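Chain lettering (A, B, C and D) follows the sequence in which the chains are written, and residue indices restart at 1 in each chain.
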């Protein structure tokens, strides 16, 4: 078990390194990274000064060394827009995102698992069809658009909920729905299909043969097996949420790291963007490591491998 | 082909001390070998022309691996498979191509052995197209010939596998094995996936084809009655080794090895009044990763002696054509 | 006819056979989702014929006509059926031209990403061993990583444009294809006809071309169809974030984004193109679902 | 006949259909038989003849939503199971009727220990204290001859061999001391030497508990060894029923006769096996007359027109064929 965790950890570090290489290389494919950093009205002297300051006049391998060693120390360059270290900007914004993500995740799970179970148990009935329709619509609706429509209906027309920025509990309603909906759709379909698969297996028949009721069989025997694929995909879902947060926070002017990503793109703030990417990668990899551990707990076949 | 026939005394297939050990590895990036599954562990036998050798044993005894070694689907760890005196695993180029026409196979599951995307005629002609230069008409003629031989209508040629039942599919598989006019067909459980009422059809067909086309068969099967019906000689395998090897008649009339006896006793005759000389073995087949010392069978053997756990018994000929590897004899 | 009842005792499912071994259930072709089919056909037609049928130029500005509501709202005119945007450009015409962008990006990205995924999946599954474990590690890494960040990075470093967005979406989807195709290849490889092909003396190339690829093609086609909607949404999202096709070329995502600041006064600017995205994605997804059920019922949700 | 043990299970005119995308599959199409205390009845047939569906119909666990019992009665000690509610059926399953399934590899839940899965069955039947249950579970494992039961309780299914798993399944099946045990090809997935161990074990359990057993199989060897009586099934119907010895000595239905002749024997060699040509009719497209007509050596026009009635041919021996002269059963 410990070896398993250590191996995953080593893989994560390797992955981060590869990612850092990509970030490093992309900054250089389109020319000198200094040009990404300079404002449009910069002079030749400014440019030369910057090159020297950042070590960009040195050979590539030395630049790489500077970049990696800086990254390890937590120095990912200075944001052009905020004129502050990029990591500092990121960590200022992170708590705001962390208030939103768990809400959306828990909400999605709380909705998707019961709906998926119901759809599987009442397969082919109206329950199944309605939840199937919700799933199909949820997947087809672009979340940036959903956010705008929700704002139009609930803030502008009905005036019930605030349309943007942080604040009291009412500020959380629309962003959470926007962020969580497409997750609900995907998860629900997954729960339904994996539950149906498990329900068709022989051990379910055996459990029924013991005299257990359908309800006990589903919640005790099936769900645990059916949730294994959901757990394995938890990491993927988390990555999706991180992605979704960019759009959602942009729509609702939510001052989190998602909105920060958008700003970095809009203002072509390369140092900020690379910091955001690497730091988000660390978070995602950390979550994935946790998922692997939980997975090993759920499935004895992995635990004793 | 002529020079092959010259060595009339040489059996078609000679297997010498054949062994296949699969490494058991741990770790993903840096794999370490922690042991070997001794699937086949030094076996020898021959198959004559127009002869059927039956290979029987329980799951994990190495009979399927043996058949895969003969088909060049596995590389041996040690030993050789000789086809007319030529090492099969050393063949290259044109010789290899000729080998592929001489040795064919029919597998257990007819639902898995036909490519669903190919028409029946393409499946049947595969060995011809790959190994020989054939014209389109030559190919189609041969396909019609073999379809007729396995008792399928000629209209089957243009159809796809999903239009056929299990028994018909097994006939197609057989036609595909026959197309290149082989000398040896390896039959790996050819009827066990079929329905009881279909099995006799296929078994009879196999016997007819053997007589008509001078075929040799290696029959791998767990059903002893099937082997008795088709095979001329039978070898019994246990944990990668041949424990007894004899003419089928002699073996079935008087099995010698305690394992063979137990195996035969466990095969239930379809007769409510058959004598029940039950010899129920205790325990299960041990893991081939770490087989017992000496005679592999000794932990389950009711007649085990002290030397059985130390000394590995060699195959001894008891009567001409009946050999057994057991310290009792 | 192959016999259904040979499998009844096995509970209808067999892991060693695929859909094409079963008789097709009757009447499934008749259940073709006609509505989806029509929506897809209309979108393709509109995209192809945009220069002919668009009532105005999509980029022509006319400030006097700015922010006109759609024809059915008060103050709307039949000259601009869906109204105009803040620069007075005709929304309907922009919608038509936007369909082009969506389809071109989807086609390019699916061809590239799907193609790479297909090749990686086949090579990985067929060769197995270290090649397989290395490639699959790369696939897992790509799948668990929020790849859209890489797309944004590309947009900033390479500059936005069709090429950037095609590369970005390729990076985003190849792994999904590779993983599913590899799984299929493994399943096909385990079947006896592949071993028999080796017994027949087929070369590796022939085994792949004749015995493996045709048997994973159905799955691949289904996968391709199921991803069209996904790619359209990703393209729209990237455009929305300012990392898509740069203006003035109209794209649906960018239109939603542009209309966002006028949502209170001109709701149609955002709502209409967004609805178009949803409708089209819905149509493609339903069509893909149908195709999956028809061609490859074993392929569950990916 | 008055001294015969009591009938515990009687199936009368059972029809169970599957409503599939391919059409209505008439898997069980008018099946009747009776099972007495302490008796083993073999239900023999080829795959797809409906024998498994018959077993599942009795415990009312047909595949959902395709399967449905259309007609007939399943009388357990005189009570009809077909009309029982799901809640009532729950009290029947495991306690009065149990079933062993074919594949031990998938019969146990991979995420729970062996102990959990046995305890779960015991808890339903003995709602008393937890401590006595653990002892009972170990005892149940010991009865099916699982070595070191204390340790096996904590093992997961994937850590055991197929034979061991099937023993555990057996322990679960008899945990509630049922009257009837349905064994659906319980040894098909096992090796022959392990199969013999398992069959002996079932016999031993039956001798101890006077269990009535319905043994579903396609293997005449197992029938000869295990069963007191045999029912032969073909394309959804029972074509012949009789005492094992009588049926083996003198099969009366052409299908039984031909099938038994086509099975190769361990004892004595034959030059050529008589084989049955053709294949069974598809269950979703059955002929109106006798279902074996197309493959039968004695077929005539009436066979193709009308399904033959079941007629007695000897003591407790009956068959459905037009060639049988209607005569009163000899007493």
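As a working rule, contacts are C-beta pairs under 8 Å (C-beta built on N, C-alpha and C of every residue); 3 or more make two chains touch, one makes a residue touch a chain.
The structure displayed is predicted, hence computed values, not measured ones.
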Touch-network distance, chain B to chain C, counted in steps: 1
Distance-to-centre winner among chains (Cα means, whole assembly as reference): C
Approximate Å spacing (C-alpha centroids) for the pair chain C, chain D: 50
Whole-Å gap separating chain A and chain C, where each centre is the average of the chain's CA atoms: 21
Distance from the mean Cα position of chain D to that of chain B, given in whole angstrom: 33
Centre-of-Cα separation between chain B and chain A, whole angstrom: 54
Contacts with 2+ other chains: residues of chain D: 47-48, 63, 279-280
Touching two or more other chains - residue numbers and ranges from chain B: 28-29, 165, 195
Touching two or more other chains - residue numbers and ranges from chain A: 200
Sites on chain A touched by chain D in the complex: 123-124, 200-203, 205-214, 221, 224-225, 228, 298-301, 304
Complex interface listing, chain A residues touching chain C: 11, 15, 18-19, 22-23, 26-27, 29-30, 36, 136-137, 139-145, 148-149, 151-152, 156, 186, 189-190, 193, 197, 200, 235-236, 239-240, 242-243, 246-247, 250-251, 261-262, 264-266, 268, 270, 273-274, 276-277, 280-281, 284-285, 288
Chain B-touching residues of chain D, taken from the complex the two chains share: 46-48, 161, 163-164, 191-197, 200, 218-225, 244-245, 248, 258-260, 262-267, 269-270, 272-277, 279-280, 295
List of chain C residues in touch with chain B within their complex: 1-3, 6, 14, 16-18, 20-23, 133, 191-193, 195-203, 206, 210-211, 214-215
Footprint of chain A on chain C - complex, ascending: 11, 13, 137, 141, 143-146, 148-150, 152-159, 229, 233, 236-237, 240-243, 253, 256-257, 259-260, 263-264, 267, 270-271, 274-275, 277-278, 281-282, 285-286, 300-301
